[in-house]
Amino acid sequence: MTTHTRTPGTTGLMMEEPTVFEIGSPGRTGYSFSALDVPEADPVEELGADAVREEVSHFPEVSEVDVMRHFLRLSQWNYCIDTGFYPLGSCTMKYNPKINEDMARLPEFTRTHPKLPDELVQGNLQLMHCLESILAEISGMDAVTLQPAAGAHGELTGLMLIRAYHVHKGQPRKKILVPDSAHGTNPASAALCGFKTVEIKSGPDGIVLPETIAEAMDEDVAGVMMTNPNTLGLFETHIKEIADIVHEKGGLMYCDGANLNAVLGVVRPGDMGFDVLHFNLHKTFSTPHGGGGPGAGPVGVKSVLEPFLPSPVIVSDEGKLRFDTDRPLSIGKVKGFWGNFGVLVRAYSYLMEMGRDHLRSIAESAVLNANYLRKSLDGEFHLPYPGTCMHEVVFSDKTQRTQYGVNNLDISKRLIDLGFHPPTMSFPLIVPGALMIEPTDTESLETLDRFVSAMKQVAEECRETPETLHEAPVRPVRRRFDEATAARRPKLRWTPSEEEV
Amino acid sequence: MTTHTRTPGTTGLMMEEPTVFEIGSPGRTGYSFSALDVPEADPVEELGADAVREEVSHFPEVSEVDVMRHFLRLSQWNYCIDTGFYPLGSCTMKYNPKINEDMARLPEFTRTHPKLPDELVQGNLQLMHCLESILAEISGMDAVTLQPAAGAHGELTGLMLIRAYHVHKGQPRKKILVPDSAHGTNPASAALCGFKTVEIKSGPDGIVLPETIAEAMDEDVAGVMMTNPNTLGLFETHIKEIADIVHEKGGLMYCDGANLNAVLGVVRPGDMGFDVLHFNLHKTFSTPHGGGGPGAGPVGVKSVLEPFLPSPVIVSDEGKLRFDTDRPLSIGKVKGFWGNFGVLVRAYSYLMEMGRDHLRSIAESAVLNANYLRKSLDGEFHLPYPGTCMHEVVFSDKTQRTQYGVNNLDISKRLIDLGFHPPTMSFPLIVPGALMIEPTDTESLETLDRFVSAMKQVAEECRETPETLHEAPVRPVRRRFDEATAARRPKLRWTPSEEEV
Amino acid sequence: MRYLPHTPQDIDRMLKTVGIGSIDELFETIPKNLQRTTPLEIPPAKSEEEVEREFARLTGLNRAGEFLSFLGGGQYPHRAPRVVDHLLRRSEFYTAYTPYQPEVSQGTLQAIFEYQTLMCLLLEMDVTNASMYDGATACAEAALMSLRVLRKKNKVLIARSVHPEFRQVTKTYMVDQPECLVEVGYGPDGRLDRNDLKAKLDGDCACLIVGHPNYFGTLEDLPALAEIVHEAGALLVSTFTEPLAFGLIPGPGRAGADIVCGEGQSFLGDPNFGGPSLGIFSATEKNVRQMPGRLCGEATDADGRKGYVLTLSTREQHIRRDKATSNICTNQGLMALAATIFLSTLGKQGVHRLARTNLSKAAYLKKKLAALDGFSLAFDAPTFNEFVIRCDKVTPAEVLERLLKKNVVAGLALENDYPELDRHLLVCATEMHAKEDLDRLADELAAL
Amino acid sequence: MRYLPHTPQDIDRMLKTVGIGSIDELFETIPKNLQRTTPLEIPPAKSEEEVEREFARLTGLNRAGEFLSFLGGGQYPHRAPRVVDHLLRRSEFYTAYTPYQPEVSQGTLQAIFEYQTLMCLLLEMDVTNASMYDGATACAEAALMSLRVLRKKNKVLIARSVHPEFRQVTKTYMVDQPECLVEVGYGPDGRLDRNDLKAKLDGDCACLIVGHPNYFGTLEDLPALAEIVHEAGALLVSTFTEPLAFGLIPGPGRAGADIVCGEGQSFLGDPNFGGPSLGIFSATEKNVRQMPGRLCGEATDADGRKGYVLTLSTREQHIRRDKATSNICTNQGLMALAATIFLSTLGKQGVHRLARTNLSKAAYLKKKLAALDGFSLAFDAPTFNEFVIRCDKVTPAEVLERLLKKNVVAGLALENDYPELDRHLLVCATEMHAKEDLDRLADELAAL
């Protein structure tokens, strides 16, 4: 086995660490077995010689100590919400309350097998049932399915419902209208669902104009997929008018609920004219992102779409809850079993603590924070859409790019040096060089002020020492990567070095 | 409130962080209250106006988010076992198994009030009772008390037993013999117990010679306090002979069991002639040090001392366990309630997992590791006592100090730069410039090899670039401190700045 | 509210900066008539203590803890070593986002890289992605990927012995062409019916999807199937619900499977009522650019140091939008990490031994049950840790009901998903079952 | 063994380096006749799963969870916010040693500095050490410190109303001069009997130790006592078992206490069967060099940056050996951290409100119980969250026994520690008791 060849300590506190395949020693293990209390089966006898492998070559051989250190050291290379400000636009990186984690680990929940008789898991069912009602009330919808595992999965599910609705009416439709500011998953979900995506131009103020929709709307349009507030952080003021146009032509309105944080308790998608929406529990309802999931993307619908919901649904029979699979019009299952239950538990815990008393305060705090940043940084960075924003504000690198040759990537990387997670840059596509900043409801004024100082420092550096920005970041454990080469010659797994093969 | 004035990020991952008194905002809180369901009492009415304070001035005003980030950031400034090698001699910094932490958090344990009727806490009592038996068997003692909270507390308790024994015999004695290699707590505990400490010179091989003891031994010596293996990592080969001499003169033998890790399952203090010893559960039995405690320092005794044990003791009445306070000869209580129960749970968990099968392997691994380091570094660093060692090896900076002007502190600080925790330097006092290295049983050969390389690099640097060592450490969040000034003008608490007062 | 930091003074200061007089002005772009004027009708706010009480009430309604269960069928009783949860609780792991910024996400990225490698080693495949939602959606994505790889073909064959939920979700995902999903039956040994396969395998077939082990716990003859399928110019998709089997049996890649995917819950421990679990998805190098999901790859930084980045993202929705290979964005990252830690802890020896322990427990139970009067084995091909018994005298429904009264969940009745298997129970035994548990099931069944 | 890393090959390599042929040779300095030849008679090794089962067995023997308890008397039912344990689980905190190397221990050190400050603010004292073992040993150390500060004096007065365990441990610690510990009685109001004090307070007295609140839950008139004691040239030591009271009442430092010490379990939450808890120890600046225990202080590093170190260590055993102010080495560091996190979370508003909640709950219960036929209040001075009731008709032993049958632990009988209080029960109510709990106690007592 190779050993640590690079500098063993970078700060005396963080270590360089090879992959788990390069540490340990042959024959070592980190697992403890109970003695086998039944006769040991002979694999060859049970399965046949061809069906038995010698070993899983190159699997790790490490102790529990090795495991603990290895992954602890890796963890120390991550920035996270609990380290600091994470204004990654559209991702709603709010604080993940600690009690949620504990509740989700209650063994009475975690140990339940999904196929247990309903009567043994009434607690699980009740939690899910209550969560459905709360989400329905918050969104102004009539019914909710908890099955989808993430936002994009919710989109797919919602679009399938729209599709099934039209098919059921005997008028299958082929097109989905999607504004140009939409998140990439929107067109991708539409395509996966067999729809043709028609891109809708946002108006000059960054919101969709009813006339644009009216123009694109025809009898082959199954629905319109909108995000409200949209990804520019702006409320789609004409939403009701748009919905009327769409409904008039027999279309349905889909709401990407990724930005629901902005309007909790203030306005409900169901009241704006939406027929179906997905929630991101891992955004709005504080469940952790886990470094890339798991999330949960429940879908809420108006009653017209209820018959098509994924099977099963939870129903109450004389106070006893059960899964009902007798759903002839259902689109079927979109996921194994019932959804990301552990994530649902966390969201339920959050909703219990927030309750009706604090729900609106979440939106207020989120929107106030975004507008505070908007005003505080206006002038330093270009604001393509300068009006009052909702939960997030989108700046651009226009000034810096055109005047100093510094782009949004450079600015973001420099923020890393200053102790902040960068904003979102990959979209909205209608803002070239976007810096999409979502401070969320849990960030304090002091944190915002520190971020404002850092952004101002960066703006100053753009003017004075632009090379600092091209070179950034210089402080973390790694600097900028050569991603082009990585994609050209992808190395997607560890492989043993020559002598080990 | 002041804000972060220093560089907000040092590596983009670790942050500078002011004290908790300097963050937050007036009126903010991180605690959630249930509504009061009884009439609100008026403090002035209940307690009198003089007995009510306005507020606790300058107390923190922070949210849960602030709290989480503050302490998480602080944590990132610590080196710990789970980060890497921690060869702090005499401290037995072995891996702290994760299951122990979970078992100690079982609510059926943590929620028990110490004054509950015995019948409601039979689980606690059984755990303690079993732990006592196991410790007795491991040490070769007849009875064990779990009351002392740490090693030094165990020492004090043990010495009190010795004292009470002589008093009870009607022959109070005044002196305790303590070898010059002893840990500072030994003489300090003796003094606290009202004894006069007589220092015993170690022999040329680092161990105590029977003749030295014989010389010092008289009818006023209550006992001899020895550490075996001693703090040089050497086994006191003449221990039985010494014990005979002491016993002959009516004295008793006390064993500082801090180094028990070296001899688990190999030899028992009770079989060497010791009458009383303390255990450090936070060393030998893997309970975490917690950045300075809590520990647990149970005391084991031969039957002659049993009547004097702290009250209460656990006894079994027809299968039911109970606390017995009817102990007329007891020295009394040495701590509130029954001991550091949560620490006892962890040690019990460790002992359950190790069992008789692995206990000796612990000692073997610990001793093998120490000797491997001894041999691998012999020649690079001076070895004052070059023979086979037990669980630790003590080098000195003699070569480096005399030839290159580099001392053990410099060497230690340089190790920090290289990603290792330094060895113990403060003792044994008989080795000037000591580097006391205890690798423990849970460290792998790869880790030891990396440490050897680092030590060799340091030795090389002493020869080539000694200034590197004087300046070390340069990598962690702070460099060497001016401790002299800190002690001369002590600032032992945060105070508000002028304008805040 | 302890998570909402603003004090009234903070709010005043901020409003001043924003240049407005009240919070409500922030919402002025929202038409007044749409805004709510009354609070939502949801429960009132609770303190932390009250939240705990609510959860105590809910968990008190669950009674599963009192029951001895032999349920498998896609989710298996295993326990993760304690160290796994200790590491998952590291804020740096669970409160981070998808690692878009590699410089401050090397921890997550290296862990994904290790996960991808572990799965490749276990399944004997070239490439594994960073995770899918679960086994069922992974299976569905495999069908769609096959259709992308072989663009001229439009049919997907799926073995009836593939997990019913995998089949259902695949059908849902094939929204455009449900009729193109064609089932292939199983033979009396519980394996794929090769005659039926040969009858249905034509030039339009993009792939055959099998389970290995399949839903009956049975191992397929993968090399033979690979040969047949490849000969017809189609891909072999091998799915699984119990990847622990691969600690003992060869990875499907060895037999030539083109896509291997399935459910990774066994490497997480507790079933968690079915989620969050882990969708594992592996393919051959040659088809990597048709893979769904994120991929982590090695890269070099500006100082020449090795590290990791998300790569080949031109396949993905944030770049390709409606031309992406999948719409997946958030996946099951933390679960992939959990599996990585669990498998590292088990290691080479452990994964073999744990698999063998499962085999031994199930073999013991199988033998005992087969010997009972009134029960027989349904299929005779080899099985790993679950198998199907036939209830010759009492109906499965009655077996289940009567054992439930004895606090035993005897297994899963197959009739719902397989009307033709109306006397059949799927029974599972793992390392979590002590011998006395296994004996108890046999005794209870004997006593019926 | 998963914690012991060496494989047989590793051991061979190491033995070769050491230059010996077998492990046993490592133990050659241990006389053969002392070495064991047979394994120890302790239970066999268990797997992780088996360890869990053993603990399930043990916790199953505890029945306290089913009981409603009104026990206080030195350990109080409070709950720590969940965030506390999340932070205590950080390896960087709990697996570090005492911060001897400040450059890599700034986290622990700054937290200690914050702890010291919090306690100084709460108790209105100048200096607080990094912690003692618990309240009882802190009290004992306060007696010894008083004797060091006033070296010519040899007597320690201690109020009989100080927690019995504090008194017992102090007596144990005064090993050399047990007769020098003199008790001062209490009056009919539950406070210190000033006449008795005056009678005993002579020129040999180094200090008076009182409880505030004392063991009966009663608040002392601290300013008056301070005056009397100081006049006699002695120190006032104010102890406590319920520091939450200081969220509402002035810190003892304000009244002039010279040493303030006690038990900090209330800031940890769960009582944990009495430990590990937290010994809090504060003193005045002027006597800092006579303090026991570790102290953390601010310092400047080589780059001029502020940081923290352990300081004034010339008082301590590792430097001073038999001349040290105490023998304490390992203290209760992690518990001090827990209290720091808990108190930071509570904050200025919270600590006041929580204290007031406790007062309200206890006041409500006190009023209810006082109104019951057959029960009366024993003392009339103000109390915080516990108080003594007199059982006028039924003996306390019988009250306890009969309520135990109803799953209620009604309180603590005082007779054991105070033979003169043989009809008395100490009853406690905190924020953990719902109104219905309090009503239930009253109802059950009424029904006797």
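Letters A, B, C and D name the chains as they come in the text, with residue numbers starting at 1 for each one.
In this text, contacts are C-beta pairs under 8 Å (C-beta built on N, C-alpha and C of every residue); 3 or more make two chains touch, one makes a residue touch a chain.
Since the structure is predicted, the reported quantities are computational estimates derived from the model, not experimental observations.
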{"item": "Pair joined by the larger number of C-beta contacts - A-C, A-D", "value": "A-C"}
{"item": "Furthest chain, CA centroid comparison against chain D", "value": "C"}
{"item": "Geometric centre distance via CA averages, chain C-chain A, whole Å", "value": "19"}
{"item": "Distance between chain centroids, defined by C-alpha means - chain C, chain D (Å)", "value": "49"}
{"item": "Whole-Å separation of chain centres (CA-atom averages), chain B against chain C", "value": "46"}
{"item": "Per-residue overlap in chain B, given as positions that touch at least 2 other chains", "value": "12-13, 24-25, 27-34, 63-66, 68, 72, 76-79, 82-83, 95, 97-99, 101, 353, 416, 442-445, 473, 476-477"}
{"item": "Chain D, residues touching no fewer than two other chains", "value": "1-6, 10, 46-50, 81-83, 86, 89, 91, 103-104, 345"}
{"item": "Interface residues, chain D side, partner chain C - complex", "value": "2, 48-49, 79, 81-82, 86, 89, 345, 432"}
{"item": "Contact set on chain B toward chain A in their complex", "value": "1, 3-4, 7-15, 23-25, 28, 32, 63-66, 68-69, 72-73, 76-79, 82-84, 95, 97-98, 353, 416-420, 442-446, 449-450, 454, 473, 475-477"}
{"item": "Residue ranges of chain D touching chain A (in the complex, touch as defined)", "value": "1-10, 46-50, 82-83, 86, 91, 103-104"}
{"item": "In the complex with chain C, residue positions of chain B that touch it", "value": "12-13, 25-34, 63-66, 68, 72, 98-99, 101-102"}
